[in-house]
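Each remark here refers to the structure printed beneath this line.
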Amino acid sequence: MKNQITNAISDFFFEYETPRQVLVRNRRVGVVCRIIQLGVLAYIIGWVFIYEKGYQSTDIAVGSVFTKMKGVGYTSINGSERVWDVADYVFPSQGDASFVVMTNYIITEGQKMGKCPELHGKHNCSSNADCEGGSFKRTGHGQMTGECVKETKTCQVLAWCPVEDDLVIPDPPMLMSAENYTLFIKNSVTFPLFGVSRSNLVEGIDAGYISKCLYHPENAPLCPIFRLGDIVKLSGFNFETIATVGGAIGVVVDWTCNFDVAVTHCKPKYAFHGLYGNPTETDKARASVGYNFRYAKHYMEDSIPKRTLLKVFGIRFDIIVQSLARKFDIIPTLTAIGSGVGIFGVATVVCDLVLLYLLPKRAFYKNMKFKYTDTHAQK
Amino acid sequence: MKNQITNAISDFFFEYETPRQVLVRNRRVGVVCRIIQLGVLAYIIGWVFIYEKGYQSTDIAVGSVFTKMKGVGYTSINGSERVWDVADYVFPSQGDASFVVMTNYIITEGQKMGKCPELHGKHNCSSNADCEGGSFKRTGHGQMTGECVKETKTCQVLAWCPVEDDLVIPDPPMLMSAENYTLFIKNSVTFPLFGVSRSNLVEGIDAGYISKCLYHPENAPLCPIFRLGDIVKLSGFNFETIATVGGAIGVVVDWTCNFDVAVTHCKPKYAFHGLYGNPTETDKARASVGYNFRYAKHYMEDSIPKRTLLKVFGIRFDIIVQSLARKFDIIPTLTAIGSGVGIFGVATVVCDLVLLYLLPKRAFYKNMKFKYTDTHAQK
Amino acid sequence: MKNQITNAISDFFFEYETPRQVLVRNRRVGVVCRIIQLGVLAYIIGWVFIYEKGYQSTDIAVGSVFTKMKGVGYTSINGSERVWDVADYVFPSQGDASFVVMTNYIITEGQKMGKCPELHGKHNCSSNADCEGGSFKRTGHGQMTGECVKETKTCQVLAWCPVEDDLVIPDPPMLMSAENYTLFIKNSVTFPLFGVSRSNLVEGIDAGYISKCLYHPENAPLCPIFRLGDIVKLSGFNFETIATVGGAIGVVVDWTCNFDVAVTHCKPKYAFHGLYGNPTETDKARASVGYNFRYAKHYMEDSIPKRTLLKVFGIRFDIIVQSLARKFDIIPTLTAIGSGVGIFGVATVVCDLVLLYLLPKRAFYKNMKFKYTDTHAQK
């Protein structure tokens, strides 16, 4: 018995099965089949391996972005000159990946809580009956008191008074000088699967270079300092338009890297595109042109809380990190080879169909290929 | 020699190998094998291709979100009426994807730097010995001076005085009117692999529609304007509870798209779910119910810096963009076919095992299938 | 005719093809081939299935992060003592995933709009000709008036006056006490493909535990409360250095989960690493050491708008959620098996090459394996 098992094992190891083949000497079939097989081979090598890099596994990065604006704006309104620095025109101030640069504004100074008539066009009324006391309108500024103010023909509201008048947007924008502000982007990414960390301050981008460079698509594609006017232009916007009503621009930092070559070749590419507010887009975008929000500076005057309300029109920048790294990996390589061999099998099946069903001598080939067991009768 | 190579090449092209097969005429084996093969075929076509769409490659989007709140709140405390507008109750003000709407608050007005007793319950003391001068407590309001205040039986601290008393949370919440605020979401996504950009203001959602629509799961599933009360309800919360202690709600914008059909069919779906603070959840969530943070408005009074401290309870909204786009791609198609053919091979192996080891006439079949080379003796 | 079709169908179901094989009894070839085949089998089972878990599909999470700082800082400058609480040192205040803790600052109090000389070192001049009126410098504080101030030998600018003097950074940092602040992280993640939601307050991390625990890599790896000094240390920084000039630290919450086991085993791992500003890094990082931003508190004094400008140096924390969940899935399982069978086919091809081209008795084996159709002449 033990001998039998030993024999079976030694048989298993010393034997080897290989399929018996018919070698069909037929030019037509031969050529067709070889072409199909070569096509499959070319597809596997050329397309899967070389073009689509099927021998690599992929990973996307986790990253962190820090931004810093520089530049000073200047306005002169009715002879009152003032400048706007970073602490005044960037929201939020701490250098987030998504921030707004104010380019235009409607200022309402010295608001305090009180009762005043609504803005003309909202809550119009002819008598007190039109102003239901205690109710709100979604787009109104406050709570109606129930009184209709004769001078303005609008309902009186409890609100921060005087109410903001935003019917006319300043044009040209107050802060056209924003065009010359500069944006500095620091971005570091980590590909967890490959254990690689990169920063957009790549090799060669040192403190000396940064202090004097300015991004340019061709001449300085790695300089992380961008002129706002350039970004807006590269996104296809007109600066004055976007500065007037506001808009949103995506700054894409693209990390498409191949880690089969040296890591130092992994460098970011910057791209810019409008997110909303593009006045040249189709109807659906125009449904909501512009970008604005309200911002209040609170203060105390004569023990009365007051505020300065700013309706800020600005350019919102979203720094979007997009990444795709590839590296040789044995699993996708063998999966690609394995499934390629499978497709080779399909090629053989196709050729067999030609051989056995389409050729004139098909009966002959069938006979060559198949051997019949004449045991049909048995159950 | 050259002739030989030419011959070899012509042989290669004009010949074609096909495996020789045994055609086993056995009902039992035949039926079993055909069923296995048909099962594999059904799996490949039905499951991999139709159900799992294995012929498509997938991509996730990079996107950008902008939000805007509308609505006015009203409070009346001890006869002092005031309204709260967007600039007062949204943090941060610039319309981020993640923001907080204040629904309740504890206000501490006129704080200035000084020495005052700690809040009762923190730093309780009976004598100066209990208050170590110069030290802090992690949850305290300031630095201990080393003195025990007899009146309050708490340590004196150097802090913004008077210290905030947050032992009692106002209930019902101060700003129940938040239920009627509306949230407008603008979201644009880009699928970099397929080069497709979409906005949640899809075809048909124009300025006219937006000005009067309100999101409803069935009647207006594409309207990007949401009533806060509706969002809270759809997330399974009770508005008054969440407004009192605060909470966090995720608004998922789901872009599950199939780009094999027209791009206009790619529309967002909105879903709402609580992130923390759900009082109906299990113990672990209850470990940290509520959402609050402190916010200070600084001002100068009689040349002394003062501040108004707000402990803000609110609903935090996280607009979460979730995306999965699919499109026909030749690589996954052929990988699926190739590995399907491989599984076909497994089916054949299973049938062979039945044929060669289980059937009564297995010796006969073995003889049919195999041809032995009698060269065992050689090394 | 109908009979013929019925016959064909019954033939198809009652027949079964299996390839005819040559069983080569040759020890050398047998051993080589069996080893290759066993190697392929071991690769498929060991590597693809056990090591790389090729039978599972993967998913990444969408999540939401909320943070809360606790602790009080203290400064004493020229005898003027003050404390800094959460509302003073965290930017932004509402508990975002990315925030800054102020550790050092340069304060410029009582700035108002006016004309004053630039900071020494910027816009140096010897005569009015050096100061072009109406122009800006990118790194300057305001708009030049065209006048050169003799006392400071710098150009006069229209700016918030007096201009900030940030030439000397306070060292040691003003708020070394930041080391003892604590950070509380709430993080919830959802794996949309598997429909699983998890929170970092996992089983066992309840309110009682949170109230007294402090994160420690070995003793308390699940406690979501972190001491700032510990985080900085675990990221490999020196606290005093990073507190002086600022820096950025990534707190990675790693959700690597296997949903084939109980969901309760899916627990977060915390990791800490510097993002920029690491003074021990290579040149490229040093290109931009530190992290700072400017922040203004506005107030009104004698009806003149004034501001207190803070140049904030701080540690920026980015809570980065990294996730990879795996679960058994029939598609990748069968794809792996299928392509494994394909690779088996490659093994057979390799053995055949040995058998037919390298062995001395190759002619014999060739004859055994192939059967020739002598129909070369036909077209």
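Each chain gets a letter, A, B and C, in the order it is written, and its residues are counted from 1.
The definition used in the following text is that a residue touches a chain if its C-beta (ideal position, glycine included) is under 8 Å from a C-beta of that chain, and two chains touch if they have at least 3 such contacts.
Worth saying up front: this structure is predicted, and the values here are computed from it rather than measured.
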What angle of turn lays chain A on top of chain C when you fit their CA atoms, given in steps of 5 degrees? 120
For the copies chain A and chain B, give the interface type as same if over half of its residue numbers appear on both sides, and as different if under half do. different
Approximate Å spacing (C-alpha centroids) for the pair chain A, chain B: 17
Multi-chain contacts only, two chains or more: what residues does chain B have there? 14, 17, 19-27, 92, 299-300, 335-336, 338-342, 345, 368, 370-371, 376
The answer for chain C against chain B in the complex is residues 12-28, 62, 64, 66, 68, 70-72, 74, 81-83, 85-88, 92-97, 177, 180, 182, 186, 188, 190, 192, 199, 201-203, 205-207, 209-210, 297, 299-301, 306, 308, 330-331, 334-342, 344-345, 361, 364-365, 368, 370-371, 376
Show which residues of chain B lie in contact with chain C when the two form their complex. 14, 17, 19-27, 29-31, 33-34, 43, 47-48, 52, 54, 91-92, 98-100, 113, 136, 138-143, 157-160, 248, 250, 252, 273, 275-276, 283-288, 291, 293-296, 298-300, 303, 305, 307, 309, 312, 316, 318, 320, 322, 335-336, 338-343, 345-346, 348, 351-352, 355, 368-376, 378-379
